[in-house]
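Two complexes, one shared chain (subunit A), two partners (subunit B, subunit C).
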Partner chain A sequence: MAVATVTHPGFAGHAEEPDQLYVETRELRIQGFLLFMVSDLVLFSSFIFAYLYLRNSGQGWPAGGPKLDIALAAINSIVLFGSGATMHFALENWKHGSFTKFANWIVMTIILGAGFLSGQVLEYIHIGARWDSGIFGASFYTLTGMHGLHVLGGIIYLTVLLLQAAQGKYTYTKYTGLTLGTLYWHFVDVIWVVLFSIFYLL
Partner chain B sequence: MEANVAHVERILAIFFGIVVFFVAVIALRNDWKSQGIENQVFKIMLGLLALGAILGILAALGILIGKGVA
Partner chain C sequence: MAATAVHAGGGLADHIHPEPQGFVRKYVFSIDHKIIGIQYMITAFLFMILGGMLAELIRVQLMKASGGLMTPETYNEVYSIHGSTMVWLVIIPLLTGGFGNLIFPVQIGARDVAFPWLNMLSFWIFPVAGLMLYASFLMGAPTAGWTEYPPMSLQGQAGTSMWAAAIFLIGVSSTMTGINFLVTILKMRAPGMTYTRMPLFVWGQFVTAPLLMIATTALGAALAALFMQREFGVAFFDPARGGSPLLWQHMFWFYSHPAVYIMILPAFGMISEILPTFARKPIFGYKMIAFSSCAIAILGFMVWAHHMFTSGLAPALQVPFMVLTMLIAIPTGVKIFSWVATLWGGVIHMTTSMMFAIGFLATFTLGGITGVFLAAVPFDLHVHGTDFIVAHLHYVLVGGSLMGILAGLFYWYPKMTGRLMNETLGKWAFWLFFIGFNGTFLPMHWLGMWGMPRRVAMYDPQFQGWNQVASWFSFVMTAALILVLINALWSMRNGKRSGHNPWNARTLEWQIPSPMPYYNFKHVPSVFAAPYDFAEPLPYRGLEEELTGAPPPVPAAH
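Let's look at the complex of A and B:
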């Protein structure tokens, strides 16, 4: 992939061991981020359970509603899950000291994330339902829209991480920010596993 | 035309789904002995990623399809 090789301080000469403050705060930062993810999980869970309750209390589902495109949803889901794999490779390559490979994989992750969003827009165009056209439309657009915003946020987040890494903010012994970015991206993937299941497979 | 596009989408989903599944399983196996809270979360998420890939493959094959889905 055509990504410029950047020599940055993380690999050029900063091979220092993490300082005491970094070691002491690293676990706290990760735990704090995990708490944020749990709170986000609660938000999604609330909407998911509301959707399932409404779905099971109605007569027939979706009553006169749209037909979802399973082929598009399947390939779109695989694109997002694939981005989880590329993000994993990005972090692994950082751990092994290869900035160029890290940059390549994170750019691939961003491209796949953007591809997923494009697929989602395509689904919105063809679904034939509006957000105000009934319970199904409201639930579908709320949940997938909320997830889409998380993906968009993730793309921005990963772009910032890539720029920070290129500027030498992280070293191969101090990269908590990159770990948190990977956690966030996996979280977005995992939420889609649930949404894909409830909208397309149930 | 639309049927052809859907056919291609299904084939791509199955192929790349298998790739993603194996990548997730291999990554999970490599990370299995790693320590630390973030690595424990990574393991859970890689497992769910593999599950998601299987669901995507089954959906593309037409084995798992919900109500109101074409």
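Let's look at the complex of A and C:
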């Protein structure tokens, strides 16, 4: 298996050290990306605030609670968290110079992400409530829909990263893009923890 | 150790763009922060002409108690778009994208902002969103004011959705600018440029950037919810289906209160540059001015509900919001006193820029004091929804932010063009502006206390006299602004050549040629003190070649 580690062009120059300019640019990109996630978090927080506000304003929140399938959502959550783990393995394998393992893990991540989205679609069918039927529909579909769009965006993002990596855009020492993709995917996971808690457990 | 050639760690010494070639790369789709800053300014001043025309329509309508110029519906559209334009298309872009882009990267000794391409994208979203906003006139513009409270905004015509989309786009642009500026200040300062050596204008941008980033995103959520409710029937704000119109007010003001600090903190920064330069004295209380900005920014997130005292907020919530709001007067007062102390005993040079800066001190203080009035619940209940509010907000936004912008325009104009603006015309403009502004908005204080409501197309005839006074003075103010515009255009070709440092200022942008070259610095300087000690030599090393014919730096390999 050791052969697999050197098949990729990106790993040809193992001795290469990142230059000063690259290191500085990497710092900027990571910092900027973190701030982007902060502002994205604010977007989610605003809608979460809206949901909690409407829920507690006593203006007709469904009394018995809406018909949410907690078992389906739990399985779905495990799928999404699993994809976080596979993404972690993908990046680790890249750092250790194995393109094949990296590609396998990232494909796995994409499949799990797609599985999560399918689960969401099932849940939407199962609930039956419409988005314009009231405040439950408003908050639930807006928040989970926004999260779903983030997952979809993440799937596209990871696919692009995989293609770029296959073309040799990243190397053993220069892989900031992959780090950012991983950060993003974990971010989407963490948002789901919050959404799951407030909709299914609260 | 000290003498060896240091790689300028932290200063990003090698981030040099190749020289832009051709008109389009140089002036249209430029990634140079200075060009982008000027683009922002030109666009914002064009929108200011439109917004100003709408303002004059309002004043002409109010000349007669029975109205007459426009139907009430048109009048509603006019003041809604006037407010939206001035807030989102004029003041915020001028202070952040405009003067921010132009000046602060040079002041920290950087060659550009952290993400030049993102910067270009931020700018180009802005005129598109502005045109969308004005396109809403064709579809029936929003009629519920710049705040667009439901349920009225839900009943508005199709233009209201267009308005929401346009402001959302502006928000995206602002958020990207905020991220860009924050990373730049955190990571790209020249060697030795510690936080307490940064010029105060940089501090203004440093504190504003997170507000842009966080508050604007929250506004985006509110606008998205409004848009979804209008277009897809999602029931956020509809009481009939369990929604709450109050929710909009919470979401909107959670953005829009910090937004008023977005509109003033960079102006504070400008004033803090201009006053010491023209008083030839170190700024008084550098750290107090810097840290009070932080205090204002943090408190600014905790006071949004003071806009909602009459909206049915629980009394138990009114008191904390009242107290927190009043607390903001403390850091603001710290600034005012520091500025006055800077002037005290200084050798004051009465340039136009300095006159606008001192005018700022006077009018902003008045606006700030009425802000404390309004924070008091009982008084607010009395004057809410009257001209008193209009007076207050124009004293801080026109007498504060816009005066700061005009002071900054006269101050930094040489850095853009290499020429000075005409001082005689400038002083005429200042006095006309100062008199016109106060004549317009001072009477609104008592009009409001007597009960003259805002946002009405017709009103009780007993208020007509003072309304006419306000309208006549508003023409004077408009004339002053036209004079500034003529001055700026005329001076571009005919102004006196300024040289690199006409004001003998000490911050970094004045140590390089005017207009500033695309690479900013031939060598990134090192900094060993704050820039305000006028008795000392300049606290920079490595600037010897900036004004010589030495060749420009060579771009890095990639």
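In this section, the second predicted complex is superposed on the first by the 184 of 202 C-alpha atoms of A that agree within 3 Å, B and C clash if a C-alpha of one lies under 4 Å from a C-alpha of the other, contacts with A are read in each partner's own complex, and residues count from 1 in each chain.
By our rule, contacts are C-beta pairs under 8 Å (C-beta built on N, C-alpha and C of every residue); 3 or more make two chains touch, one makes a residue touch a chain.
Nothing here was measured: the structure is a model prediction, and the numbers come from that model.
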Subunit A as common anchor, with subunit B and subunit C clashing or fitting: fit
Touching partner for A:138 - first (subunit B), second (subunit C), both, neither: second
Spatial angle subunit C-subunit A-subunit B, Cα centroids [nearest 10 degrees]: 120
A:97 touches, of subunit B and subunit C: first, second, both or neither? neither
Touching partner for A:27 - first (subunit B), second (subunit C), both, neither: both
Contacts of A:74 with subunit B and subunit C, given as first, second, both or neither: first
Which superposed partner A:115 touches (first subunit B, second subunit C, both, neither): neither
Partner chain in contact with A:177 - subunit B first, subunit C second, else both or neither: neither
Gap in Å between nearest CA atoms once subunit C and subunit B share a frame through chain A: 13
Shared subunit A surface residues [contacts with subunit B and with subunit C]: 27, 31, 61
Of subunit B, residues touching subunit A in the complex: 5-7, 9-10, 12-13, 16-17, 19-20, 23-24, 27, 37-38, 41-42, 45-46, 48-49, 51-53, 55-60, 62, 64-70
Contacting residues of subunit A [partner subunit B, same complex]: 27, 30-31, 34, 61-62, 65-75, 77-79, 81-82, 84-85, 88, 92, 136, 179, 182-183, 186-187, 189-190, 192-193, 196-197, 199-202
Residue numbers on subunit C that touch subunit A, as the complex places them: 7, 12, 14-15, 114-115, 118, 175, 178-180, 182-183, 186-188, 213-214, 216-218, 220-222, 225, 228-229, 232-236, 239, 241-244, 246-247, 250-251, 254, 556, 558
Residue numbers on subunit A that touch subunit C, as the complex places them: 20-21, 24-25, 27-28, 31-32, 35-36, 38-40, 42-43, 45-47, 49-50, 53-54, 57, 59-61, 131-135, 137-138, 141-142
